[in-house]
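Letters A, B, C and D name the chains as they come in the text, with residue numbers starting at 1 for each one.
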Amino acid sequence: MDADLFFILLTVTGTLGAASAVALRKWERACAAVSFGAAALSALFGTIVAIMVLTGSPMNIQLPFDTPFGYFGFSLDRLGGFFLLVISIVSFAVSIYSIGYSREYDGKYSIALLGLLFNAFLLAMAFVVSANNAIFFLIVWESMSLTSYLLVVYENRKEGIASSGLLYVVMTHLGTALIMVALIMMGIYAHSFEFSAYSGVGALMPSVLKSTLFVLLFIGFGTKAGIIPLHVWLPYAHPAAPSNVSALMSGVMVKTAVFMLIRTFFDFLGVTDTWWGLLVLLVASISALLGVMYALMETDIKRVLAYSTVENVGIILIGMGAAMVFESYHLDMLAGLALIATLLHVMNHAFFKGALFMGAGSILFATHTKDMEKLGGLARKMKWTGIIFFIGALSIAAIPPFNGFVSEWLIFQSLLQSSQIPDMTVKVLLPVTIAILALTGALAAVCFVRLFGIVFLAKPRSEQAEHAEEVPRTMLIGSGLAAILCIVTGVFSFAIIPYVDQVTTPLVGASAASSIVNGFVISPTNDQFSTMSPFVLAILIAVMVPLVIVISKRYGGKRKTVVGDTWDCGTPLTARNQYTGTAYSNPLVRVFSYIYRPRPEVKTESTSSPYVKKRLSYTFVVVPVFEKYLYRPIVVVMVALARWVSKIQAGSIQAYLAYIFATLVLLLIIFR
Amino acid sequence: MMLEIMIAIPLVTALLVFITRSRRQMELVSTAGIVALFAVACYIVYDVIADGNIEYSIWYLDSLSAYMLFIITFIGLMAAIYSIPYISHEIKERELTVDRAKYYYVLFHVFMFTMLMVVISNNLGIMWIAIEATTLVSAFLVGFTENDMAVEAAWKYLIICSVGITLALFGTILAYASSITVLGESSDALNWSTLMANAAQLDPTLLKISFILIMVGYGTKVGLAPMHTWLPDAHSQAPTPVSALLSGVLLNCAMYGILRYHLIVSVSVPGFSSTLLLLFGLVSMAVAAAFIIVARDFKRLLAYSSIEHMGIIAFGFGIGGFLGIFGALLHMLNHALTKCLMFLGAGNLLQKFKTRDISQIRGVATLMPITAVLFIAGALAITGSPPFSIFLSEVTIMTGGLSSANYLAVGIYILLLAVIFAAFMYHVSKMMFGEPTEGVTKGELERSRFLPMGTLLVMILVMGVFIPTQLHDLLVKIASLFQVFP
Amino acid sequence: MDQIYTDIVLSVLQALFLLAIAPLVTGIIRKIKAHMQQRKGASIFQPYRDIAKYFHKDSVVSSETSWIFSITPYISMAAVLIAALLVPVFVTRTLGFVGDLIVVVYLLGTVRFFTALAGLDAGSAFGGMASSREMMVSSIVEPTMLLSIFAMGLITGTTSLGSIASALSVSGIDLVRPALFLASAAFFISTIAENARVPVDNPTTHLELTMIHEGMILEYSGKKLGLMELSSMTRLVLYFTILSNVFFPWGIANDLSVLSIGAGLVAILVKVMFLALIIAIIESSISKLRLFRLPNLLTVSFTLALLAVMSFYIL
Amino acid sequence: MNDIFLTDVINGLAALILLFAFVLVAGVRMGQIIRAYTLGSLALGLLAAAVAYYTKADHIYVVAVLTIVLKVIVIPKFLNYTVDRIKVKKEVEPLVSIPGSLLICGGLTFIAYYIASPIIAQGSSITKNCLAISIAVVFIGFFVIIARRKAMTEIVGLLMMENGLFLAAISLTYGMPMIVEIGVFFDVLVAAIIMGIFAFKINHTFETLDTTFMRRLRD
């Protein structure tokens, strides 16, 4: 059995899924079951293909017709395979989840449309990582953007959905334009638009052009990846989409951008200048830090998660940037280490962000709100959702031995290797990145303590939360799968790394695995720098926790526990006494006020006497810096310009003719 | 012989429609006529592809004309089919009497006839006459709904285009003059084939002036800025199927006129004509972009987008080189198909909402889901998003530009495309999404409208990833006219 | 192979040792403070009695709480103990291969993570406030600790505790650089902050509005309270040990001869007591800072740590 | 008769056409304008005849006849008829004052000469400098369309542009191929008529022929 066959199966099932969605539009439940089932199946095929490719049977399919850009088709090397694996696994989980989740829309919006677009989206993503021709890639890439755009505006009657979608589609389109130029320029130098001819094309270019293309690609794909300041669309679009789609967009789609960044930088252009890596590091650090900081401010669960995606992409790119710096000094081993860390984090983030977004979806499903301030106490009402979400939170907060911790640890280690860089200034710069990364990690922990604590613990803050019930089984299975993977990929990372290494080896030209992994233990390349074994850690925890429990139960004999009220200083507590999400993050706002520029304002309606207030209302906003100072002006200028030009169409026929006359005379005089 | 038959068909159809009595009859006749026309045209096109150019008496068909022929007849077919539900709806709404409807169908077919004449006549003079004729006939179609706006639009259309056309005639004369020193006053000295054959000896100074006049003259009809001013008025006021025809086909016909001269001039004065084309192309795109941003009327929006796309085509030809030409040619077809789809969709909206004002149209996705899907798809396609066909042609042109190192031009081109995309999507998403407009009942109009629209969508979707071999070969053949080869 | 077993045995022993002396150290600090405040003060063994007492009491649990509240004590105790397994106390040989300093820091982070959640769980304003403040503090403290550790890592060319300790203690003075002192200073401030000591927090107060750490465990009682107390005591000692054995590891045993181990034991006891003394002095000489003054102090420590890392290259 | 005389005649007639163009610009009433156009056309017809005589090319006689029949008789009649039918004031109401218009037209004539000069320089055919005049006439016609308000004046201006073309056609190329000539003539006629029809429509819908009132369609 070769991979080609399974890839074809993937395509066919996906298409059938889309078709069946339309065919069964009358029977919503059946429609959901069939179309999402098909999606799950095709994701399964995707997983098979990916595994086959990763175990060394490359895939290659060619479409049977010619275009001015040569033949279109699909081919997968190990890098593509790795990303296809991530995509497929998450897609699989999400597809299953969607069967239940789509109930949310029964009778409100067309399930058929959802199924159709969902399948199309999955296919598009699978194609993006496997397209073998620049133009074909652009086609599928943009198709992916458009299907996701249509999914974002799926709940189209909702307030503000249209504008969120617009922002998204416009930003991503701008990005694509730049990518287009870059890829085509490469094609011109490679004398072919097939990716097979692209690798190493950078060597043929003048360095100025090369650097220009680097910048174009970084901005272009950066837009999709959501790096600051190109992230503006992300916190609007991801929350706007149906939660299952958000999971895909945040978990997987942004990764396709990372995929292409790695592909283009390491494979096509070849990293030669150090400043490339430094630029990436700079931008990535800013994204990571600001991303998590904005995440801390949000009270909309899905926006929190969206911003945390910005943060994690930042972390991923920090890894990649480090790899680029090392590569530029031909420290191949270290580049390999950094790249492995990057790819691991790509995978891990896909899993825990998938779990978290699905969890958020479940909350939405059960309570019909995603506003933290209206939630609370769900851990008791939705036990399993709570646990799943908690696992996700632990992973993203890099609690050992969950997967988030492993990749973050590796990134730290690879940054620490900066001591081997010959250049002094660069050496001194990297520790700053370390500091920022550390700070980011800590803030991320705060962010998710806050999120989980406010949403799942203590008293419910509203009616909906009061009457929340556990979500359907399919949703639990889907999100649970992702959660389990968070643990597995963490604990057994020592087994995964060698495969990842095979992915990076051709890119950096050196295999790092042998020195990274020995037995259960992971250690960065240069021997005895430091070691860590998530596997053994897991065992220790598995032993220690029960031990503690047993001992503490034994010692002092059996004692009964009485259930009582929370300590309330004598006045009965209501849900309004609890700390809110805003209050929780308030200390940090005050600490980092120079970044947040908070605009708190207190309104008091006083009665006749100034001492008796009728009402005190407190509103608090964080200024969206980039939108206000970067994007708004551009739009304003554009529109003003347009208005100015549009004066020529004033309706007077004489004027119209005058234009023609002027043009004519002018041309005749110039070119006579 | 086949040619005479073909151009006879629309005239005969018009006549038959004229003598019909009931609505059903005229619909039947008109459909039959257009289908027959399309069939014959296809046969001829196939003929040209199979065994080369056709040239006798005043006719001349090479691959380029054949290509245009296909576009004209196909879009004509689509528009004619769509006309049936559209017009009958108008009649139902008491907007039209049956006699007016008949008048409409007659004009429609005569219009088709004039456009056919443009592309199959060898003699540049006759081509000019044909183009002028298209103006005169379509003027009535533009002013068809005889309210004040329509009349105004028609008048502007008539005057501005006639003036432009007159300049074009001047250009034609000069082109002729440039030839007499070589060919003497032979009556076929105005034949394109003859001129092309002797292009090298023609008097360059005269030709340059001639081409400027042609560029401005026919350019007016193509709708290149700053001669475009009539276009938004005419396209927004005409009955929607006619708008589709105007945007999709008529503009291409005028462009065809320019191309014929471009071919000659680029031989005798290399680079001159392409520079002009490139210039006008970019200017048109820029102006169109501005108007698309501030658009308030969705039919005008589409009209401006037509200006933009004519600009792109001109740009492509200006860029030149195989990819530039190939892209531009492909774009002619793609634009015709997509714009036709858009206008048909616009027709649905217009008849549903009874307004052309963007700000008064909300929640189409809820009210008319199918139309919404088609319209959004069309919008994405027209703004050059994959997987629709326009993307392919635009990228081809862009590649041509980059490989011929026109970095600045391409830079502007891309910037404008991006801006237009943003503006266009802004308007469209405002119309399609959100809470529906008050007092508009849910539900689609006649189902038969979706036959042509669906066909068009499928075509642009398929051609988005794959160019049929015949088409590919045909385009390569046309490109060879421009002395460029893959 | 038996190498491993000895390592395991040793690390378990050291962990137990820490666990054993933890309450004692707290007791000693309290005693010293009492003396400085002209009080007689409780016996230095009082903490042992307290914990024993907690374990023999029934407990009251709020009706609002969830499973988070009930597992937190076990998790935090376990996490601290695991961390203890990785830290060299009197011998440099431990289960170091399982995790380096970063892991230790993250394990302690885990404790904080759970405690903060537990604080929120009961739904009282105090818990929420405390947890929020705790996280605010930690968000600056954790990177500080990591950075100071990285400084050590750069100096000694490793981040695994055992290696750092042995490297320093063996190669001795020639590794001593400005970075070392900067880093240790930063880490010391972190220790204070992390263990809820003055001037960051006041462990003895139960005045709701000022307490941070106590606020989070306000709802606990009985065995669970005992565990929480014990774990935080152990954590304090653990920090002391890291501070002493990572930054000033001299005296720690590098082999298993009775003599050197004895020396190691003495050394660690001396260092810990010394640190306890310093803490006590600080606590009784300066007062607790206002909450929103804290960031300044913490940022100072952060900067110190960053300087430490950079100075390694520059100086 | 000798060529020199003939060329003088031809050039003279060409000059006459230009003169009448100026007269037209100077016209303040519809009647005057139409008359100026008629005379211009007449001059054109005669010029055509002269060229025909000079080149012994019979088909140009046809052109001459057609010109005179159509442009001197039919079209002016039609125009007058329209003007009478549409009961509007006979003033032309210029946008640009008459003197100003005349000055501008002078400038345009100069530009026309400037543009044509390289071609005249080549000077193979004896009537090359008619090109300059024809360009000038085209420009002036164009200017009339722009600078006058009435729908009627727009039509006349257009027709005058066509006269300019014919001047060029005849003088440069001694007439175009027959079918083209016929076609063009027919076309001009039809155009004039159709525009007349629309003039009616405009008057019918707007109660005026002043096209500056048509400002409904705009952005």
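The definition used in the following text is that contacts are C-beta pairs under 8 Å (C-beta built on N, C-alpha and C of every residue); 3 or more make two chains touch, one makes a residue touch a chain.
The model shown is predicted, which means the values in this text are computed figures rather than measured ones.
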Among the remaining chains, which ones contact both chain A and chain B?
-> D
Using the touch rule from the top, work out which pair, A-D or A-C, shares more C-beta pairs.
-> A-C
Compute the distance, rounded to whole Å, between the mean C-alpha positions of chain A and chain D.
-> 70
Distance from the mean Cα position of chain C to that of chain A, given in whole angstrom | 35
CA centroids of chain B and chain D: separation to the nearest Å works out as 31
Between chain B and chain C, what is the separation of their C-alpha centroids in Å?
-> 78
In chain A, the residues touching two or more other chains are 646, 649, 653, 657, 664, 668, 672
Contacts with two or more other chains, residues of chain C listed in rising order | none
Among the residues of chain D, which are close enough to touch at least two other chains?
-> 115, 118, 142, 145, 154, 211, 214, 216-217, 219
All touching chain pairs, where touch follows the definition stated at the start | A-B, A-C, A-D, B-D
Can you name the residues of chain D that touch chain B in the complex?
-> 57, 115, 118-119, 122, 124, 138, 142, 145, 151, 154, 158, 161-162, 164-165, 168-169, 172-180, 183-184, 187, 190-191, 194-195, 198, 201-202, 205-206, 211, 214, 216-217, 219
Chain D - residues contacting chain A, complex = 95, 108, 111, 114-115, 118, 139, 142-143, 145-147, 149, 154, 211-212, 214-219
Hey, which residues of chain B end up touching chain D in the complex?
-> 58, 123, 125-126, 128-129, 132-133, 136, 139, 143, 146-149, 151-156, 158-159, 162-163, 166-167, 169-170, 173-174, 176-177, 180-181, 185, 187-190, 203, 205-206, 209, 232-233, 236-237, 291, 294-296, 300
Where on chain C does chain A make contact in their complex?
-> 52, 55-64, 66-68, 73-75, 77-79, 81-82, 85, 95-103, 106-107, 109-110, 112-113, 116-117, 120-129, 131-133, 135-136, 138-143, 146-147, 150, 153-154, 157-160, 163, 208, 218-219, 222-223, 226-227, 291-292, 295, 302, 305-306, 309-310, 313-314
Sites on chain B touched by chain A in the complex | 155-156, 159-160, 163-164, 167, 205, 208-209, 212-213, 215-216, 220, 226-227, 229-230, 232, 272, 276, 286-287, 289-291, 293-294, 323, 326-327, 363, 365-366, 369, 376, 380, 385-387, 391-392, 395-396, 398-399, 402-403, 410, 414, 417-419, 421-423, 425-426, 429-430, 432-435, 464-467, 469, 472, 486
